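After this come two complexes, each holding chain A, first together with chain B and then together with chain C.
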Partner chain A sequence: MIKIENLSKKFGKTYVLSDVNLEFTPGMIYGLRGTNGSGKTMLLRCITGMLKPTSGRILIDEKELYKDMDFPENLGMLIENPAFIGNFTAYENLRILGSYMTKNPDEIIRKALDVVGLDPDDKKKYRKFSLGMKQKLGIAAAIMGEPDIIILDEPFNALDEKSLEKVHHEICRLKDERIIIVACHDKTELDSLADKIYIVREGRFFDE
Partner chain B sequence: MGTVLKNEFQKLLRYKGIYIALIIGTLIVLGDIYYYYSEIYVRFWEYYNMGYEKNIGMLQPPVLMESWIGHNLSSVYSEMFYVLLPFIAVLPFGVTYYEEIKSGYMKNVVIRVSRRKYVLAKYIVTFVSGGFVCMFPTLLSAWIASLYLPNIPLNPTAMVSNVSNMSFLSEIFYSKPLLYILIYSFIAFLFGGIFATMSIGISHLCDNRFFVYFFPFLLSICTEYIFNSTSLMQYTPNIVVDPNQRVFIEDKHIFTTLLVMFAISVLSCIPQGHKKNLV
Partner chain C sequence: MNSFAAMLKYDLKNGIVRQKMVYMVAFLLNGVALIKFDNIDKQLEYGPYDCLAYLFEGMYPYVPNVGSPFIVPIVWFSVMMIPAFLIGNYANNDLSGYGSHIILKSKNKSVWFASKVVWCLLSVIIYFLFLVVLTYGFSYLYGGKTEVGIDKWKLCNGFFRNIAEKDVIVFTVIMPLITMITCSILQLAISLIVSTQAAYISIAAFYVMSAYFTNTLFVGNYSMMYKNEYISMGSGINLHNQCIVCGIIILISIAVSFVVVKKRDIYR
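What follows is the complex of A and B.
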């Protein structure tokens, strides 16, 4: 379970997150909806261990993030633009990341690439990928190995309909015993996917 | 740690930087060899054949050490190599840490493996690759020279070297030239490695890729400029790494300079291994 208590983050004198109190429990898909700059990504950065909050705390399974651990254990994420090594193929990029998770990552890589519709044997280098392919690889990296916490920030932007359907299906399949948080500004997308949606306005989170 | 290191070495071999650095090094060596062959080797035998053989004992015959890039005194290529050494060292892997932070790729890694291990692996691979591309031309030059020149020690009375009998490794220089070449090639490896890793330390402090590339080079030039006007001239990295020993160098100058540079390189990388905001 992820528990966020009185979390605030400010840059200079501007608060980008104000006194946020939320709970995310396994078995649910959470949606964060808000306009650009509302604070969705900032919260996700804080939860993933990328941005230390100014005040408040984040508890993950009773352990405090930034105090008891640097990053949540067993996390998969896609925040903002996907970033991989340009002269590696999709498979090679995931093999590097997968090697930190298991000694023989071949199976989990192929499965993740299959979900997003990328060919594991494709020799095309990442730098030659289209925007949609880059996004797919970002999603594949996030769900590879089926981590306990999956965080996706605007994951559907560049996906075609077929891929979108497959990814939706996979996210729904993965939600059992996992925490999945998806930030998206598209109401229709989020309504069809999330079990619970929070509306984000000026760094504050409200129930839909 | 083994997996992180293996992955970083795999990345190194796929980057163009290491091949560009090796090509630059090879071109400088070929230029140097051509210069020595056409300007010194051929002319020596011309003089010899013109009837100067009676006075040939007064001249230094062409030998491996004289042609070697580390000791080809009159060659601009030799000087160019040692001036460019900090830049060549950065080319293979020095800028990848900066690129992985800026692109966001680092986030993918640090959620899966300890950031300290990642930075340590980067440090090791950057050091080894930077050192290798600086050592390679010195060995290549010695090898090419050995194909047509004998490995005979230089004649100390011929006055063709800056190395005096009090200089660093002077005994080896005048008795076992090949060993002198190997030791100075290793010194080039160490300096190349240290220069390359300095780019890791600077990666968090600047926002320009080209600055990361040129930082060690600029540091080296600035140090030379500042130290040359003080009593610290013998501690200038550019001078210490050069086997020509342009100024009088002793063991303490080499070891102190290496130690200080290594300390700066390591200390500047340590904060990178600690927790910091990644965005």
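What follows is the complex of A and C.
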């Protein structure tokens, strides 16, 4: 379970997150909806261990992030534009990341790429990928190894209808025993996917 | 493979092998400098240490006087500045790019940082090896002399004091290499603590100030043969102090930047 208590984050004098109190439990897909700059991405960054809150705390399975641990134990993420190595293929990009997860990551890489509709044996380099392919690789990196917490920030950007359906299906399949948080500005997409939706406005989170 | 070995392998591939064009440009620029040296007196034979002495001769301690303008020794400055472009913005770019994925998967910023320090060290050593290969190449092409000695350099500069072989190696290889490593680690630290641009500017300014001031604190001095106490007949810097200051700068740079990286937010 992820428990967020009185979390605030400010840059200079501007608060991007104000006194956020939320709980995320396994087996649910949570949706965050808000306009650009509302604070969705900032909260997700805080949960991934990449952005230290100014105040408040994040508890993951009773352990405090940034205090008891630097990063969540088992987390996959796609945040904004995915960054990968330009002259590596999709498989090669994931192989480096996979080597930190298991000694033989081949199977989990192939599975993740297959789920999003990318060919693991495709020799095309990342720099020649279309926007949609880049997004798919970002999603594959996030779900690779089926981590306990999956964070997806605007995962449906640039995806065609068929891929969208595949990704939807996979997210729903993964939700058992996992926490999945999806940030998206598209109401229809989020309504069809999330079990619970929070509306984000000026760094504050409200129940829908 | 443990996390550090995997990270280092990634950095060597991504931060050195993929930068081969930058190394090629560095190779060519130093080649141009050595062609100039070759042209000084075509009658004199020279070896690799003559070439290295030419690249790292620098300038005598500067004394501001009317009629003696301060001129940065351009060959030395170029040779020393090239590693700054090899270090460049790699670490910062990686932290906000693919490196962020790796940090998340390895759940360890320390491994990421340690790998960057080793990468920085290896980048400079490889660059220096390129220089040595180049100097041997030149010596082979123009006479085939390979023994340790700086005869042509001495004759061209009217320097008749005898210098022992071990001292030749200290002045032309060891001190320039230690100085480059120190400045590169410092640059890496500044780029992680402040910004890549600030790091470039600081290192360039540091070298210029090193040329102007003959002071132990300006590490750039250590790579200039003429600024050494032994060569400049007492008005330069003591060799033992140089090694101590380099060690202190390296340790402080690593310690401070490590603390900063541990606390730093990762986001683009």
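Criterion: the second predicted complex is superposed on the first by the 208 of 208 C-alpha atoms of A that agree within 3 Å, B and C clash if a C-alpha of one lies under 4 Å from a C-alpha of the other, contacts with A are read in each partner's own complex, and residues count from 1 in each chain.
Operating definition for what follows: contacts are C-beta pairs under 8 Å (C-beta built on N, C-alpha and C of every residue); 3 or more make two chains touch, one makes a residue touch a chain.
Being a predicted model, the structure only gives us computed values, none of them experimental.
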| item | value |
| --- | --- |
| Fit or clash - chain C, chain B, common chain A | clash |
| Contacts of A:L51 with chain B and chain C, given as first, second, both or neither | both |
| Partner chain(s) touched by A:A83 [first = chain B, second = chain C, both, neither] | both |
| Set of chain A residues, in rising order, touched by both chain B and chain C | 45, 48-52, 70-72, 75, 77, 80, 83-85, 87, 96-97, 99-101, 141 |
| Chain A - residues contacting chain C, complex | 45, 48-52, 69-73, 75, 77, 80, 83-85, 87, 93, 96-97, 99-101, 141 |
| Residues of chain A defined as touching chain B within the complex | 45, 48-52, 66, 70-72, 75, 77, 79-85, 87-88, 96-97, 99-101, 141 |
| Chain A partner contacts - residues on chain C that touch it in the complex | 1, 3, 6, 10, 14, 18, 96-98, 100-109, 262-263, 265-268 |
| Chain B residues within the chain A interface of the complex | 3-4, 6-7, 10-11, 14-15, 103-105, 107-113, 115, 275, 277-279 |
